[in-house]
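Please read the structure below before turning to the comments.
To keep things simple, chains are lettered A, B, C, D, E, F, G and H as they appear, and every chain counts its residues starting from 1.
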Amino acid sequence: MNNKVLVSIAMPNEKDLEVMLEAVKMLESFGIPFEVVVASAHRSPEEMIRYAKGVKERGIEVIIAAASGAAHLPGMIAAFTTLPVIAVPLKSSFLDGLDSVLSMLQMPVGVPIATVSINGGRNAAILACQIIGLHNDNISHQIDELKISLSEEVAKQAANVKL
Amino acid sequence: MNNKVLVSIAMPNEKDLEVMLEAVKMLESFGIPFEVVVASAHRSPEEMIRYAKGVKERGIEVIIAAASGAAHLPGMIAAFTTLPVIAVPLKSSFLDGLDSVLSMLQMPVGVPIATVSINGGRNAAILACQIIGLHNDNISHQIDELKISLSEEVAKQAANVKL
Amino acid sequence: MNNKVLVSIAMPNEKDLEVMLEAVKMLESFGIPFEVVVASAHRSPEEMIRYAKGVKERGIEVIIAAASGAAHLPGMIAAFTTLPVIAVPLKSSFLDGLDSVLSMLQMPVGVPIATVSINGGRNAAILACQIIGLHNDNISHQIDELKISLSEEVAKQAANVKL
Amino acid sequence: MNNKVLVSIAMPNEKDLEVMLEAVKMLESFGIPFEVVVASAHRSPEEMIRYAKGVKERGIEVIIAAASGAAHLPGMIAAFTTLPVIAVPLKSSFLDGLDSVLSMLQMPVGVPIATVSINGGRNAAILACQIIGLHNDNISHQIDELKISLSEEVAKQAANVKL
Amino acid sequence: MNNKVLVSIAMPNEKDLEVMLEAVKMLESFGIPFEVVVASAHRSPEEMIRYAKGVKERGIEVIIAAASGAAHLPGMIAAFTTLPVIAVPLKSSFLDGLDSVLSMLQMPVGVPIATVSINGGRNAAILACQIIGLHNDNISHQIDELKISLSEEVAKQAANVKL
Amino acid sequence: MNNKVLVSIAMPNEKDLEVMLEAVKMLESFGIPFEVVVASAHRSPEEMIRYAKGVKERGIEVIIAAASGAAHLPGMIAAFTTLPVIAVPLKSSFLDGLDSVLSMLQMPVGVPIATVSINGGRNAAILACQIIGLHNDNISHQIDELKISLSEEVAKQAANVKL
Amino acid sequence: MNNKVLVSIAMPNEKDLEVMLEAVKMLESFGIPFEVVVASAHRSPEEMIRYAKGVKERGIEVIIAAASGAAHLPGMIAAFTTLPVIAVPLKSSFLDGLDSVLSMLQMPVGVPIATVSINGGRNAAILACQIIGLHNDNISHQIDELKISLSEEVAKQAANVKL
Amino acid sequence: MNNKVLVSIAMPNEKDLEVMLEAVKMLESFGIPFEVVVASAHRSPEEMIRYAKGVKERGIEVIIAAASGAAHLPGMIAAFTTLPVIAVPLKSSFLDGLDSVLSMLQMPVGVPIATVSINGGRNAAILACQIIGLHNDNISHQIDELKISLSEEVAKQAANVKL
């Protein structure tokens, strides 16, 4: 696999990396080149737009965007690109992230985003890999391996249950 | 009062005018010059940005922005202007507009918007007039009159109660 | 474009087609070969599993699965395939579909699904096309056209606003 | 009472045993033979199905299945068996388990599950005993005793109240 | 099958029968003798208690109790009997029955009830049959048949899908 | 019973009488002298305060106050009187009245109000009568009669159940 | 004031006294004779009923009943007495007590309870005193004093504000 | 800038200053003269009304009012003044402040308030400055600077991201 970045992870604050590190680790374990970007739809909109407009022509295939509260970042990136955007609602201080979810879920017709679970960085990365894996046998193979490992982990736990 | 537009009403769909007509009528009754704009943060973001960036230099003082669902319009306008933005959450097909409210309420520090009631076009217009009235005696006077009329209306209803 | 089915639309009841027709129309307009399948995780699980296991080897690239209430279909399909699964929460008779959303949103680590808006069949189809368009210039081009048409539609509405 | 297992407790993660220990203890105190199984509808679906299909012919009478988040385990077990399935929604990191509840509650017509309280392992076990007690005088008698002890405990607390 | 009543259906208002008719029909189709009782925990508590206390000794095996709003009937019946109580939260005029659900769900330790879906009369009846079927081959067989018919119905719908 | 008004029913709009007519009828049936007042905490606060301050010295014993949305009327009346205030949350256009309930429920320490059910005018009137009945044998007797009639009504329905 | 108990405080668990101590202290400060009772609608229903039926003839005027979760105690006491019942929803482990609130709020027509704030023991006691004060000048006077002290406390805080 | 107070910050408890200190600091940094007032709609209504009625004639332009629970302060101030009132819902012990939000949001037609985010003291202050800045070049300039600093902060974070 060459070094062309395939996944771009965007988040509004440096500290969101704490949660999104799960996405980072998952992509690293797959060997998928990625980048991490701090971008804010509200506080730095010009840079966010430049980022969103340019991401496709840089050959990136999937965007993972996290946000919390009035969580506009994934939706606004989707407004400027036709790449698939995976949205990660971050747990907020209000209703455990229900505000983040509802700010993402009901996007208008024509501008979809793919919402995963609250703080679901790892699942966002796996979904990105499933998409990339459609035309990348290496990744596709690794996704298959991951699925097997999930079931092996359950089997191990099943064998270990002690009362 | 001259004809300089003081309030700009933005909404994502022509049909939202049904609800926002309350704002229109209220501003008309105050004799405040205003404009109505269709703008979409998600479907027509470039035009939305041009609008949001230009609205202040055109001498407009207050923006009223309505939206529903993943309601990003008021927040995105606020990202591009320092004018006060009044947000009207529109009743949606999901949870009676709770999604609209939560998409607006928890804006990040530094980029406030002023959320009024669901479908609260009329109150948005009155709030705009309260702001404009701070330096406009005509409007200020009319707001005072409106307050009196509210209480007169209650008095009339109180007198009419028939069992 | 040849006739190989690229998108599979699954739903638990024939009558869900009323809502999912939006997805059907969108895919037809893009000329993407697709299929519509009735499958139930709860009432016909063996067939659902056969379907979910076989869908990848038939060359299908994206699955769109709708469900309501205790909405398990998208998650259970995702349990049996590594294809990207787009989940459409259907408006239910309870809390306007919040039960459908919450049954889909918090999938466990390792088994992501991509949730779109309630009754969001059209957006599910567009998201599917964005994914397919990553390696299909025809589709990619059409997605670009769709984005332009969204903004043209807003412009037309903006020009038409009559008070 | 012989050793034939009558109740099977299923949970998706080993660590869920912390909560479900309440069920374990209650069944032990009744002397009902039971088993504890780790099974995951999403991560290890083949094993889950094998388990769900086989549980009835092993003579088990009631299944207690716990899950959290997009909580599909009880519903999917119910898809493969006609034994009564008692569902325990586990407190999740999101809305205190409301997502778990709503993922279980609205099962489609034809495939019921019996939902008890959040983290309600003990009540799930008692409900299982009430069902088994319908044709087991020993268990029936113990349930009667438990009911008496509940009221005695209240009486003791009532007598102890000190201000 | 003799005529001994095995299932008692209780509801607070005659008009709740509209919803609970689904339970009635299902039990009739199974040939299970049942009774329908109007009982109110709040408005006629003495009669409700007499009913709840006597139901077991009449040989009844399962109680299905419906209620809405501050829905106390199933829980109060469970306070007076050790029979399994299946609770049907009825759709109320407030939050689509969420109040009914939350009035039932969190029963205290020691007094479980088995909550099914909102307005889920039919599923309540099936759950009752699953419980009775544990020691009744006729019913057990019919439940198996029902499960098969569910899957056949899906298959029929699957074959019929017309675009 | 003389004609001194004992209960004052306050509501913000004449049209709320549609719902509060239930309270009116109940008080009439008890022969309790009452008054109906239109008062608005927000639109006519001076009159509302005059009303709230004067109600006690007029010999009134209980206030029933209805409101919807940002429902401040009962709480503001309670701020100006030490009479018991019964609050009736009216069903609103938002979340079926959950906003009305939450605007009333969490009153600060020192200023209680007694919240009854949504649109619960009749129950508000009965609660008022229970309070007045503490020192009024006539009313007390009628409340006892009402309780008996509730149970008789249930008995009649119980006898009528037809399948 | 003689020693006749005027207020009865009921709660399902001894440990609920931690929260209800606020009610106790408030009643003590008013010099109102009261009692504290542990009673459970679900676990000790016979004793609860004996208590509820007997409370009026013992000369008690107001009942304060606390409960959490599927909070049936206040409603069930109200089913057996015509005294005013003040309900205190206790903060539960689920949705911060929303389940307690919704289990109390929507009582059926004919059986009202007066719900105060979550964990609102002190307000329940004040409301009880407002009711008793209608025919007790001593208590009435103390309620007036309390109201004055509230405003004095605010004035003191207002004077103290330091930036 | 002279010393005339332009913004009045009102809150019901001295301890609310902990949260509202964010508003204080922001106004101080802008050099806007302001005052902090403890006022309670429920516990000290006369003083609250005197305050609300007098605030405009003292030359104040914007009121920021915080409250929690049954949060009536902002709405009641708005009932007595025509100045713009910015409402800050404080995080409560119930539903993370959803009760505070819903007590503020749905104000009746004619009496708007501008709700900002939960605990959003800083955004309330910025919104106040945006309003004052409409006719105050100094403030207007500082708001522009603040907006630039937001984007610079994002840029700095973006540059710092370390994996």
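Going forward, a contact is a pair of C-beta atoms (placed from the backbone, for glycine too) under 8 Å apart; a residue touches a chain by one contact, two chains touch by 3 or more.
Predicted model only: the values in this text are computed from it and were never measured.
> Going by the stated contact rule, which chains contact chain E and chain G alike?
D, F
> Which rotation angle, from 0 to 180°, best lines up the CA atoms of chain C with chain G, given as a multiple of 5?
180
> Pick out whichever of the two, B-H or B-F, is joined by more C-beta pairs in contact.
Top pair by contacting C-beta pairs is B-H.
> Where in A-B, E-G or B-F does the A-H interface recur, with over half of the contact pairs identical by residue number?
Of the listed pairs A-B, E-G or B-F, the one copying the A-H interface is B-F.
> Can you check whether chain C and chain D touch via the same residue numbers (shared by over half) or via different ones?
Shared-number fraction above one half, so same.
> Just the number, please: Cα centre separation of chain D and chain E in whole Å.
Here chain D and chain E have centroids separated by 19 Å.
> Can you compute the centre-to-centre distance for chain E and chain F, using the mean CA position of each chain? Integer Å is fine.
35
> Averaging over Cα atoms per chain, report the distance between chain B and chain G in Å.
44
> Of all the residues in chain D, which ones touch at least 2 other chains?
If we look for residues of chain D contacting two or more partner chains, we find 12, 40, 43, 69-70, 94-96, 98, 105-107, 110-111, 117-118, 150.
> Using the touch rule from the top of the page, what pairs of chains touch, sorted by label?
Result for touching pairs of chains: A-B, A-C, A-D, A-H, B-C, B-F, B-H, C-D, C-E, D-E, D-G, E-F, E-G, F-G, F-H, G-H.
> Where on chain B is chain A touching in the complex?
12, 40-43, 45, 49, 68-72, 75-76, 78-80, 92, 94-95, 98-99, 102-108, 110-111
> Under the touch definition given earlier, write down the residues of chain H that touch chain B in their complex.
61, 82-84, 86, 101, 105-107, 109-118, 120, 122-124, 126-127, 130-131, 133-135, 140, 143-144, 146-147, 150
> Residues of chain E touching chain F in their complex?
12-14, 17, 24, 36-40, 43-44, 46-47, 69-70, 93-96
> Tell me, which parts of chain C touch chain B in their complex?
91, 95-98, 117-119, 150-151, 153-155, 157-158, 160-161, 163
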